[in-house]
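Listed after this line are the structures, all set down as structure tokens.
Below are two complexes that have chain A in common, paired first with chain B and then with chain C.
Presenting the complex of A and B:
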């Protein structure tokens, strides 16, 4: 009824390899694209600059992590370190006087180089051992940042980013910065959507499913794992740089600490491994819900006239937030993305779902 | 009219008068202080006490008619020590008309600082964030009233010099610190002073969170420093006290940064901690007039903003010191320019604070347009088994050396 189809029939390879096999999906995507473009005119500046903008930048970053964890199946606990490399090298390049376009590129490339160099060593082990080795990368990066004032910007370890500019235009307005984040997130999303259709994407999935089975099929799993790490590090590096350039305006080690690494991983897992729409949901849940629940609890307590002390007011939202995550993962262990596709699959044939069987 | 009626009338009139008076304070527009605190993650060892002190002080002030007739409103929000949520809190409160902020977390202050500087909003930044923000020429809107860690370390050295008979050329001073920016900050100043005064400086880094100090203290036992200066937090002090006992280092030669409170003392053991030293800019204990007032008025009536146990904590005094200064700045600003209060006037109010000590709760401070720190005076207090006993008077030493470091660091900051 909503999707107006009577099954999916492909009569050519071109139609089989289309990005959106169901027109309704494409229309939905176009609708959200239009919504994203119109957001500055629809939502207030508070929501634009403190919810939408970080949400989009973190989504781009989480998509990068999803590439290596969701697609290639390699657990990565040091993603924030990669973002830090990108952020710091881009900010240093921009401070040196390079235009931001190049600075972002330098950030991405240096993150990519360091990320894959590390992967080169780390990929000799698999599974949980790999996870721990990537965690080591996080700690190495933390140590480097807190012990080298030349990188981190003096004894206070905070490095100011010059005003963001693209094509010689200084971007300072909320709307402008939002479009930068939106543009980057859109680029990454388009890349990830198309990854599924490429040989690289299929190779990554083969490696994820069973790496020696992939090797038997002629897929060099080591090579593809390195490619996955390099690509995801590039995305992470640029996202880190954009996060600093458009949101924090300065880089500090705590913005890329081990807690952040875990948080990004949580975004990917709660969202759904290998799911793009799920990543959007996951980031919204992990990044934005704590603040929202906090506001709701404060309002609720105020409305009910409860005299809670400040500490309880801070801890109740945390408990609620934890419960939300547990409930979601209990209902659907494959994450919010799977939850969405369950609903979609149901609605696709509704009300004639007897035909599905 | 019977006597009974007269009394009733008088009581009624008095009650009415009181009501009108309070109503007058409520009618006027409030002065809003935004407290975006970490009440759930890393800073929970201090933020509840400071928030409670701010609320108590506001309640007490409002009962007294407010600041120049305007009530004080304290808005507390949790940001969980996440820079992103701190920025969100800042942006939200900013739109609700708050222009005086406090984040009480170094990462969040760092994240919000560029925005506050750009928007021209006051940030109360005592004890957190970058130390060079005391330079009012560069950081126009930031008010880290209180000593910087550099100044604290310098004052500690001055105290040790005094204790060792005014000569440090033969002395050996150890510095044990958490190996991240908070702990590393004083190293530079200690090195400079070691060259100037000729004492030998020994550095003992310990990894976060300070629960593993065994190797550092074995080294200290070998080196036998005359004094140990400690830049360790909370539970780290407890570990250090055990290691001191094990390695035979006298606890009365252990001089802590201001982050050592009654909870830590209790965990060490009130008797075992006897003699431990603490450099501080707020007076500890409940004998401080302002704390006494709170206990006798609000808490005696059961109207405190939280549990009384939190009042018996030096971080409560710290909170009172921070907000007494803020309220004083607001008072001066309104007195000078009248209502409405805005960030510009509040800044002027701050910069006009002269010799203010919040009725003895802290060192007398004089904030100027150049020095937003208020002079950086501290004193050394010693735990005598039941309370803090001041050993010295409020003073700030080696200020020229400290300001050299501040200027050198702040000159790298630019506002675009």
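Presenting the complex of A and C:
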């Protein structure tokens, strides 16, 4: 209904490979961009830095994981470890006195180096074996963090991050920190959007569909898998560093435990493998819905006059939350992104049921 | 646009001079776009003119001279259009033929005029021309092709690629100073623009030569009547051998600087139309019917909500248009319904079919069914009727945009004079009327007298100047009781049913009317799939009881609006479609009544002698040219 395609024609291949070929899609993207920019003036500071900010940073991180899992098709269970490498390297660099710009870069590069070094070994196996190998990376990293005081400051210690600053400007306000997260998430999103129409993106998709079929086409699948791991680790590393710099303000090993790895993977799967908009939805669901459900259950119990003990109040939201995820995956196994594109298709062919011949 | 008030001048102009003017004044504007592998390749007026001149120089170098004819064979292609203009520049007859033309028909063309060369789209057409040459057309020396795929190893004499021709032409243009001016000034307004053929519903097609003055005058008349404006976007999808295509995509496009968009292939026209969203669209009623059928089938397939919304809005809007048609006001609340309907249903449908920007939508060639007409008006497309023939360059009378009337074809265009002969025949006089059939003085004398063209249509002028066309003079028929009827009118009503593709109504000199119908294979086939009716072929499907019930409904609906003596009593669903290759319909899909009545005489006999079944054995011509027989027993159904 809103997707008007008539009159759109391309007189060159450059125009044919535009990012948004349908004006409605572009307008929607611009609308959300404007909304994101205006968010500090629209929502209170509590919502801004305890919902919007982590949502955006985790989205950037999940997009990185989606690159390796959704695009290149390699299951990765040690993504939190990569984020930890980035976070700790950046914090150490910043504590050493380097400006945050360089610290973030160092965080990204070191995560990228360690991530791809690990991938060299891990990519000798495929599928579930690869998943287990990446899980091993997670445990190795956990062990290293808890057992090397030089990195983490001790087994139960946490590392204070210096005040965040960019271009010599100290950023301490909620709005400022929000814009940092927003900027990073936007950057990653733009990168991912464009990935689809580059040779790299197409090669990754070819590797995902069938790695030896891709090899027959002349795509060096091992090389592209490494590139996917390196790129995704870079995004993960910087996201980890930004998370610490703008949200946690200190780095601790449990922020990057195996549970976190599983959680990011859940964000990607609920959102939809290979879907960008889906990743936004997925992160929102995994990250924000528990809080919402908590509030609703508590309020609902209060409104109905039910006397629930503290334990039930803590467990019912978890059950509801689990049920939501199961229901969504039952309705659309390909995730929220696919759900969105189903709706989009429904409106695109409106008032027909399918594209005509 | 300030230009709208400006009138395209014509006096003494030729195709070459108009082309040159466009190139010098608007050289960088887009004249043509052709879709190639998904990309619309644009050609500016300057490039277009250069290509035409180079082609003309090349053809001139081959020794083509006025009086010769060149066959143009293929679907719409930019190069074929360039070739037609180049031939007009040289004063040579450009003779476009339908891409599906059979060898027999081509032979008729070759016997008729001195065809010395052919401009072919691709290998398929080149093969046909080589066959024609083998069949005795030895004077056909040169064959120029556009698409060289599959032609690499052809060794035929005189076969050359378009690139080769144009290259040799531009070589001459560079080498011989003065040739350019010579070419541009060579043709005079009375020299031929195009050599077309009358549709030939009654006998063999007759050659119609339209001069450059004729076609440009028709374009100017059309502009003056408000049919189109400067700079329209048009889609060149009509067969090049139809006068409508020449009048719009060549003559009017030149004079008013349209951007002509050539679709990638015939099969992609619907999609290409959506990409271009033309502002001007001319189609035969049959095409409008086809789009309507596609819409209806699409909606039938749709989800309940969408279906419900569609019916809710379209039925209201159609009822309102019907009231307007009957001279009443549209009714209160009509505006609100239309506004919401436009957002929810009409807009999206128009968008899907590329009719969003459509300002000037025309139907021409034959009468259009009321239901189709009302449907498009309801959608918000100001569909108008246009009246014309091959002999007068297609554009004669045009309806005003806000005129919701079906029985008239609108006011006569400025520059055209009309009078009604004593026998009720419409006579026309204009600069756009041709000078006579090619080499057929008797036929010409019969058609033209003192500059007045006998249109062959019966009609009258209303007091307000609107022209009413009743039907072909030769087609007004009478039943035995003396009841007057026009079979075409009833057939069009039948064809509004999405399930009926063609119909032939018989009953001249009989007590009652009956009909033979051909089902629409796509629509009925789809219906059969949805309703679980098994079938194996067209012949099988057309005879199913369930399908007969479907057809009966359509007949009952048509009978409701017909006066009692003209109601259709019985029908036979034929086992094959009418096919231009079998000569049953023309290439523009008009019924060849005499052929049909002759070929199906035993069916017609069975329709009247009370038998329940009729045995037929039809001759089918396959695309290879072979013929085969199909034997079938068809039941005669009562309505």
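One rule holds in what follows: the second predicted complex is superposed on the first by the 341 of 357 C-alpha atoms of A that agree within 3 Å, B and C clash if a C-alpha of one lies under 4 Å from a C-alpha of the other, contacts with A are read in each partner's own complex, and residues count from 1 in each chain.
FYI, a residue touches a chain if its C-beta (ideal position, glycine included) is under 8 Å from a C-beta of that chain, and two chains touch if they have at least 3 such contacts.
What you are looking at is a predicted structure, and each value in this text was computed from that prediction instead of being measured.
Figure out whether A:351 sits in contact with chain B (first) or chain C (second), or with both, or with neither.
Touch partner of A:351: chain C, not chain B.
Touch check for A:247: first (chain B), second (chain C), both, or neither?
The answer is first: A:247 touches chain B but not chain C.
Comparing chain C with chain B, which touches more residues belonging to chain A?
On the superposition, B touches more of the residues of chain A.
Where does A:54 make contact in the superposed view: on chain B (first), on chain C (second), on both, or on neither?
first
Pick one for A:11: touches chain B only (first), chain C only (second), both, or neither.
The second partner, chain C, only.
Let me test your reading of the model: by the given contact rule, A:318 touches which partner, first (chain B), second (chain C), both or neither?
Touch status of A:318: first partner only.
Under the stated touch criterion, which partner chain does A:175 make contact with: chain B (first), chain C (second), both, or neither?
Neither: A:175 stays clear of chain B and chain C.
For A:220 in the superposed arrangement: first (chain B), second (chain C), both or neither?
Neither partner.
On chain A, which stretch or stretches are contacted by chain B in one complex as well as by chain C in the other?
Of chain A, no residue contacts chain B in one complex and chain C in the other.
Once bound in the complex, which stretches of chain C touch chain A?
Touch residues, chain C against chain A: 33, 38-42, 270, 274-277, 294, 298-299, 301-303, 306, 309-310, 343-345, 347-357.
Which residues of chain A touch chain B once you look at their complex with the stated criterion?
Touching chain B from chain A are residues 46, 49-51, 54, 146-147, 153-158, 160, 162-163, 247-250, 252-255, 287, 290-291, 294, 298, 309-311, 313-315, 317-318.
For chain A, which residues are in contact with chain C within the complex?
1, 4-13, 16, 349-354, 356-357
Could you pull out which chain B residues touch chain A in their complex?
Residues 37, 39-40, 44, 48, 51-52, 55, 76-78, 80, 82-85, 87-89, 91-92, 95, 106-107, 110-111, 113-115, 129-132, 179-181, 184-185, 188, 305-307, 409, 412-414, 416.
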